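Labels run A, B and C following the written order; every chain starts at residue 1.
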Amino acid sequence: MSAEQLPSLARTVEALLFLAGDPLSVAELAEAAEVGEGAVAAALALLAEQYAPGRRGIQLRELGGGWTLASDPASERAARRLLSRPRASTLTPAQAETLAIVAYLQPISRPEITRIRGVSADSATGTLLERGLIEEAGSSQFGAVLYRSTTQFLKLFGLRSLEELPDVARWDPSPEEQADLRERLLRAGEQRAS
Amino acid sequence: MSAEQLPSLARTVEALLFLAGDPLSVAELAEAAEVGEGAVAAALALLAEQYAPGRRGIQLRELGGGWTLASDPASERAARRLLSRPRASTLTPAQAETLAIVAYLQPISRPEITRIRGVSADSATGTLLERGLIEEAGSSQFGAVLYRSTTQFLKLFGLRSLEELPDVARWDPSPEEQADLRERLLRAGEQRAS
Amino acid sequence: MRRHGEARSGGDGEAGAPVGSARYGARMSLAALELDLDVFSGPFDLLLTLVLREEVDLLELALADVVLAYLDHLEQRGELDLETATEFIVLIAALLELKSRLMLSGEDEQLLDIEPEQAAAELLARMLDARRYRAAATHLGELLAAEHGVRFREAPPPLELRRTIIAPADGSHSPELLGAAIGRLLSTPPAISVLHIAVPRISVAERLEHLRTLLRRGSFSFEEAVRGADRMTVAVTLFALLELYKTGEAGWEQQESFGEIAVRARSREAPSSLALAGRAGGLAG
C-alpha cells in the first residue's frame, strides 16, 4: 500500500481541518495558510480524493458551507465502546475526599469542602456531579450551592442507606477527641492550609 | 497520487485515534475494536507508515503510554493564524525546575520540592496544576498533598513514558569535581571555625 | 589546575574566571551582583557560585548593599515580578541567616552541633540535588522546544458517541474508601517548630533590672547572670550589659578568648577604674 507525500499546502490544510472542531470555509483556510482560494480549492480536491468514503477511518465532508474531517460511520460501534465505556471505576484521591466529605456531612457547600480539603474542590466536584455520585441540594443561607450524595452513590458503594457509611473512628488519627466531625474536619483543614 | 483503501481494522483504529483527544493504549484500542492486541499493533504499524513524518499534515505519535494523532509542526504558522492562540509552550525556570522535580521524584510534596529548590515552589506548582502538567496524588503521612506528573505532561513533552527521562545522575559533576567541591566546603567550614 | 564544577555553562580555569553568566569580579562587587540578579534563579545556585568563588567572604559582603542593588534593579525595570521578588527575599534571608551564623561561630551549639565534615557533606548533597534538577529542567525545556508546533485535536467527540450506555456495576466501590478519606482529612500536620525564630519574650528592661540587682553585689560573672537561660535571653542580657556600659554603670573584662567575662560595678565618677580592675574576686564559676 503506497502513501506518497502530500504537497505542502494540502498538508497544511489537512492539519488545519484536523485541529479545528468546526467546518472551515475555503476563505478561512486561505487566510490561515496565506495563499489564494484557488490553491486551497485544489488542495481540498486532492484531500477529498485521499479521504474518499470507504478509504480511511476519517472522511472529508463539506458541511454548512465549510469543510471538516469526521470519523467514518463504519467505526461507530467501536467509537461508542471507546467513548462510552464506564469511566475509570477508581476515584482519584481528590474525588474520594470530596465524595467522603459530601457523604458524611451533607448537605455541604463547595466553600466548606474547599476549607476542609485545604485546596480547591472545583474539579473534583464537577467530576462527581457528572458521574452522578453527588447532586445539588438547594442553597445555603449565604447563597452557596449545597451538595448531597445520590441514590446512584449508594448503589455504587453497595449501601442501603447513609446509615451504613462506616464509622470513621477506625481511620481517625485521634479518636478520643469529642468534637463534632464537621467542626473537627474544618479545624484540621485550616491547620493544614496554614 | 494514489490512496488505496485501508484495511477495515486500520480504518477503525484511525477513527478512534481521531475521536479521542488523549493517547490510547493498544489495550484500549483492542477492547473498543473487539479484536486482539496483536491485530491492533499490526494496524498501528500500517498507520505509522501512512502517517510517517513529512508525508501528511497529521502525524501518528506514540506518547504518554499510548498512540495519538498530532498536527505536523510544519503547519504551526497557519495553525496559529487560524486558532489565534499560541501553543502554550514555554515554562519559566521556576516552573521547569518544579516540573523536573515532580517528574523525577513523584509522588512528592510541596515542602519537599521547596527543600530541593531552596525557594518556594507554590506559584510554580499552581501554574503547573492549572496547565494540567502535574496533578494531586494523595497525601503524605504528614497530610501534605503529593504531586505526580500527568499524561498531558508526557504528551506535550513528546515522551512515551517516564522511563524515557534520562537518569539525573547524568548531570552530576565528575567524582573529581565533587571531591574538589567537598574540599572547598570543608575549607570554608574550617575558616569559619577558626 | 583546579576544575570548577559549574553552576552554569561556560567559564572555567584559573582564579578570577567568570562562572557562567554570573560575572563576578575577584571580589564580588555590587555591580556584578546587580548584573547577576537578572539570571539568578535560586539561593543554592548563588550559594554554589559563592563557594566556587572561594575568595568571596560572606562576612565581608554588606547585605544591605545587596538589598539596595536589588531595589535599584527593580526601579530600572519598572515592574515588580512577584515570583522573583519572593525568591530574592528568601535568598537574602538565607544569606542573613548564614552570615549571622558565621558571626556567631562556636557560640551556637545547637545549630553548629555537627562536624564540619558532616556539614560540608550535607551542604554538598543539597547543592548537587538542586543542580541536578536544574539541569533536568533545562532538559525538559529542550524536549518542549523540540515539540514546538505539534498540536493535538481538542474538539470533543460527537455527543451521540459519548452517551454512556454501560452502567458501572452496583457495589463496585468500597465504602471503606470514604472512611479512609475522612481519616486523612482529620489528620493535622505535626506542629512546626518555631524555636529558631525566637519570639523575644524577654525584654531588655527586664534584663537591665536583673543585672542591676546583681551589680549591687559589686561584681559577678556574665555566666552567672545567664545561667540556665535560653539563647534569646543570653542575647538580650548582652544588650542590657552594653546598655549598662554605655550609661557607665558597669564595666567588664575577659582574660582570654572564650574565657569568663567578669562584670563589675563602675562608679560614674571614675570610669578609669575599669581598666585597672583585675580579675574580679568572688566570681562564681
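Keep this in mind: a contact is a pair of C-beta atoms (placed from the backbone, for glycine too) under 8 Å apart; a residue touches a chain by one contact, two chains touch by 3 or more.
What you see is a predicted model; the values in this text were computed from it and never measured.
> Could you name the chain whose CA centroid falls nearest to the centroid of all protein CA atoms?
Chain B is the most central one.
> Relative to subunit C, which chain's C-alpha centre is the most remote?
Centroid comparison gives A as the farthest chain from subunit C.
> Does A-C or B-C have the larger number of C-beta pairs in contact?
Result: the pair with more contacts is B-C.
> When the centre of a chain is set as the mean of its C-alpha atoms, what distance in Å lies between subunit A and subunit B?
The computed centroid separation for subunit A versus subunit B comes out at 20 Å.
> Per the centroid of Cα atoms for each chain, what is the distance between subunit A and subunit C, given in Å?
45
> CA centre of subunit B versus CA centre of subunit C: separation in Å?
So the centroids are 35 Å from each other.
> Got the subunit A residues that touch at least 2 other chains?
Expected reply: 15, 18-20, 79, 83, 85, 93, 188, 192.
> Which residues of subunit C are in contact with two or more other chains?
151, 153-157, 161, 184, 187-189
> In their complex, what parts of subunit A are in touch with subunit C?
Touch list, subunit A to subunit C: 15, 18-22, 76, 79-80, 83-87, 89, 91, 93, 96-97, 99-101, 103-104, 116-117, 155-159, 164-168, 170-174, 181, 184-185, 187-189, 191-192.
> Which of the residues in subunit A end up touching subunit B in this complex?
Contact set of subunit A toward subunit B: 1-6, 8, 10-16, 18-20, 24, 28-29, 31-34, 46, 49-50, 52, 54-58, 69, 71-72, 74-75, 78-79, 81-83, 85, 92-94, 118-119, 188, 192.
> So in the complex, the part of subunit C that touches subunit B is made up of which residues?
Where subunit C meets subunit B, its residues are 2-5, 41-45, 47, 51-52, 54, 82-83, 86-87, 90-91, 94, 102, 105-106, 116-117, 119-121, 123-124, 126-141, 143-158, 161, 184, 187-190.
> Would you pull the subunit C residues touching subunit A in the complex into a rising list?
The contact residues of subunit C facing subunit A are 151, 153-157, 161-168, 170-189.
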